[in-house]
């Protein structure tokens, strides 16, 4: 399906990433934004508020983040594509309802403009420390999809992509941008509506009385209906069966036997499996020069553009360095890392945090390659020299290191010029 | 809102006013002009010079008019101005309670 | 690749300056440009800077390595970024607000004073831009004339264009 | 519990707005068997987040009339309640006032005063006067009944469904064994100033329809304001 | 300037109450939050209360930074949770005087629930709510207090949501003392804070403050001075006014004064009584 | 005594003087016990309006000098995420008891779960490290609650206790030692001159700054923003790095001291079962059954889930063929085990369904499978 031309503001703009994401969301057919102001994500909400009334979309600024995410869930069940835009501590507040959204299998997206944390941290500056949180932050088992753009143009494109994935798999999709990309201003080309592919919502088409909210298609995703179409659906965040009914006997005492019967095919199993089993279709990565590489730099978001300078320098000096950029941070491209681990000497993972994705890389490398974390506390981006130094260091090392920390201790002394305990400020 | 004027102390025919001297901490000033606007005796004026932040701080134009009412101090959002009581030989010292802020 | 840093206080239009030049370059001059900003929590008065890269090729690394020009409208911004400027780079400062003792080439313009003469200090950045464009030739004059009206509120377009010309002439 | 659903079912019938348009958002667990007979869409969300959920639904599909039944409204969802009243979202909010968190045995909720036999602890916190808060924040219709005032409750629900804007019905629905007690200790005083409707120990529970007024709803104000400013460019929300 | 030279050694009278090492503060020129702090400091001085026993808690936002400038034990917490945090402090050590100073967005929007429930419980706190009609720190978004039809960045076509009436909400929820002043009513505000401070229970003082940067600029209301002038001309003092009449319309007159002053048992009293009863049983 | 009661007793024994909570099933047993003992112990409690404010109130109470506890479950824990971040940033010692129940969102509240393990570590935004304990019996519930208070005071960080309703309901004899024998780490108080106090000036040795209480006249300021030694916000990358570096390292560098674990039959084992919490009871049964069958199975139990005992797992990995990691989730700790084994030993994640608690069958099957 192609995008609705009314929602697509075709043209060439010089705008920042936040605004580009708002444009992208509208182009993808987003009709509802429940937001709450928080630096540095406000520009996106403001842009949406400015253009939404002309595109028939609605913007409401709720009283808090819990309210905004809950309103998004409601709007999505009412049949509209919906999203919220947030950052930092607000994202932490949303965890409960992200978990609810995942359990109810609601398609919605969250644009998270990451900032430096923990807690209030440095509101106006960048960070990449919410990556693990987006995967694990809610209670219970579920899987999500997360995308990481590295430029405003990608902000636009990935917003469309995020909506497509959300509708396709009926799951929360996070657009994990960061303050740098959000506030970076570049040229953004918004194509014509006919050139934008939109995944329509999987509405149920069969007879009304045969509808079961959680009866799954072979790809483990079930079609959806709208509230108000007369299906009389019962949707709950409790563990439920195909009908959507909570697994209980009567009143509020749970029927354990019934639950047991369903256990293997319980809600959680599906929440996890529908992403895990479709992972090949979801995962997207961007590789360069990995074929003959000795070292592969694994990065995402703004870090991949920063790492570019280091990689360029290393290649000029004759080192074989490849790059692997995660477009989908979650699900993580485990297989590809496993493949590469057998061939390369090591991975360098620059992240604007103290180690998150590096643990995943380390896990998938299975001890067959050294994994080096180039950490950064946040509030600004890496110095390319630090990444370059890590590449050099990795190439020089003969030893197989026991874990990420061990290597980092060495690195820290070399790169940062001080011991772990030294006050660096 | 009316700004309270100094009350006449009982028993003294000629109103006795306190005299104050204004201290301006220029580098804190952000040039909002509250002190100038709401000074009951029009003591202050905006200067032309720039402080280190690029704002124009006020200056004391009519020093003799200041009665140490303290309003500029309370009304300054930047804690950049305050007045202190000075004793002047020409006038009688003001009763203690009327200058107490 | 041309690397320009604007530095000053929040409220001086530092970020907007970057956007105007960037827009002129990328949309009207058909070059590539990336603008990044850094600001504090204060709406006004906090340290604030923007970095602008203009290039004929796609820009991958989006930050300034060493700047060709530093446009400083505050002492703080000047002292923070002075060392970042290339040895043959140029410092452009508002001489009412910044004192300098740099050994590098320094150009001075009283942009805030000129803007105040024009009516309000908020035009200081555009006055400065006029000067900067004349000096750096980063983008064409036509492009700037097209970019300014797009980047400022409608009711201030005339004033801004006038401020721009004023700065351009000053150079 | 079922009394409220029963009244809701009858109220929908009576109001004639059609079952399709009603959709129930709640944080209380209902028996699915009962709901099947009700034939309306039901969303069981996380505790306290029912009103924003319904707000999203209403805005995304303005033809719906979401009905919110809140269990512990006065605690977790208090803020959402306040702001929905302020916005005058077109919802019907039914507070199932249990005095206790129903699902957590023996705990004090902030709804109203204690039921000694149910809670092992005496409640010492001051109760919240739900109709008063609703009125102060801007709801357009406020009533209170006990769950045994079946007819009155049905009438109120039907009225609330038809009424444009946020209607609040406080339903005193303690555990079954106490229902009768509260019913007998209630006094109908329609049009009472909500300032006096607080529930206090050893006083009668004042029930009735307290308030009815007109205020523009969120969607009406939205349409009016944006149409005024944007004119033809604005895509109106069709109700 | 010769005045400075002559008596430069003079300390600013607020030096003991404020962290002068952090001044200049972050607020814009023409902002009224500084005035509110000034009035608060004045109130503290008048009270002559042991400052070691005073705790200031703030949330997030422009006003949220107040805690950082006041020289008492002070906490800058998360968005909207200042009252909840303060509740913990008060119950942890009932001898303390806990004051929450925060903005309208922080206290009434995201923190609305805590506001309502703290008032219901009647926890012994003094809340100073600086209302500037907008979320200023994030760049001027519509707040629950924004009057109709003010323009903000997220209501670019004019606000249409009915604004919240802070004194009414406070009264309905059970606050024992409710007053409202503008940032210009410095002395009355200070007196009001003193009164609120001395009242056991949940007391609320709303301060209408100009936001010269975001609220006034987008609505073309001039600078901070113009807004102050507006308050000067349009505020009416009416003590004891019914809170129903306290809605603030766009650029209409603002009723200020002390509206509620009543007594209700404070939370800690009820709790203690309950604990005693429990022990007897 | 039930697990819930043991937990409440443990908290009181450790000197906990404040409980902030919001009722949520199935954590209420702890609250009930705590409240009934309040009058005797002088502790205070408050039922807040939601979990967000419960934790906020707890953080506030800690700064008045009390030790504080909050109790929650499932979704309530998810709501606390923001304030865990604040607790970490302000370096406020407190204990959060999370009774894990089954499933995403509300799941099945009365059934045990294990889906919040990763959440405890990663749930709040930004970089931080946390300590999480997982007891597996009422006695340990008591001991580890005391231990949790000790750790939180020692490292000035929120400590999470993860357990589940099965353990909570489980009745067992609990030996509560005399008060004098219970050792709880004392809060590290600042003792220098009044005007010399800097809230975040830390000790080079342990990276922990010393604390003061409110109302002692130090007039300190603390903030959730990135701050310098004085506690004043400083918004730059240098300060951010200084802050985060220490927040992370004050736990990472001392992980060896914090980590507690229990091992059995691990010498010459071929397969090691790694487990925690209630599942570990089944795991031990399964391991013993496997031993009887002649399979060389070992048993490894995490008492501290976080920090994860990386070194020990790596050592074990060198000596065995496979790990079996039973959990009541679809693979969380198993990922950590996989990472730390570094390819030396394979990892089988076993989904030990909530209904299978008490039935070690699936674990035994997994052990048998590895042996083939």
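Each chain carries a letter (A, B, C, D, E and F) given by its place in the written order, and its residues are counted from 1.
Heads up, the rule we're going with is that a residue touches a chain if its C-beta (ideal position, glycine included) is under 8 Å from a C-beta of that chain, and two chains touch if they have at least 3 such contacts.
Being a predicted model, the structure only gives us computed values, none of them experimental.
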- Task: Indicate the lowest number of steps between chain A and chain C, counting one step per move to a touching chain.
- Result: 1
- Chain labels contacting chain D and also chain F: A, E
- Query: What is the chain whose Cα centroid lies farthest from the Cα centroid of chain F?
  - Reply: B
- Task: Consider the two chain pairs B-E and A-D; indicate the one with the greater count of contacting C-beta pairs.
- Result: A-D
- Query: Of all the other chains, whose mean CA position lies farthest from chain C?
  - Reply: D
- Distance-wise, how many Å sit between the C-alpha centres of chain A and chain B, to the nearest whole number? 58
- Message: Roughly how far is chain A from chain E, centre to centre by C-alpha average, rounded to an integer in Å?
- Response: 39
- Chain centre separation (chain D, chain E; CA means) in Å: 31
- Task: Send over the residues of chain A in touch with two or more other chains.
- Result: 39, 53, 63-64, 66, 89, 96, 100, 104, 119-120, 123-125, 236-238
- Of all residues in chain C, which are in touch with two or more distinct other chains? 40-41, 44-45
- Task: Quick one: which residues in chain D touch 2 or more of the other chains?
- Result: 46, 75-76, 78-79, 82-83, 103, 110, 121, 125, 226, 230
- Residue ranges of chain A touching chain D (in the complex, touch as defined): 31-32, 34, 53-56, 58, 60, 62-64, 66-80, 82, 96-97, 100, 104, 226-238, 243, 245-246, 248, 250-252
- Message: For the complex, give me every residue of chain F touching chain A.
- Response: 52, 74-75, 77-79, 81-82, 84-86, 88-90, 100, 102-111, 113, 115-116, 118-119, 121-128, 204, 207, 223-226, 228, 235-245, 247-249, 252-253, 310, 314, 329-330, 332, 335, 338-344, 353-355
- Interface residues, chain B side, partner chain C - complex: 30, 50, 52-54
- Given the complex with chain E, which residues does chain A contribute to the contact? 35-39, 42-43, 45-46, 49-50, 53, 59, 61, 63-65, 89-90, 119-120
- Note on the structure: Within their complex, chain D touches chain F through residues 46-48, 75-76, 78, 101, 103-108, 110, 120-121, 125
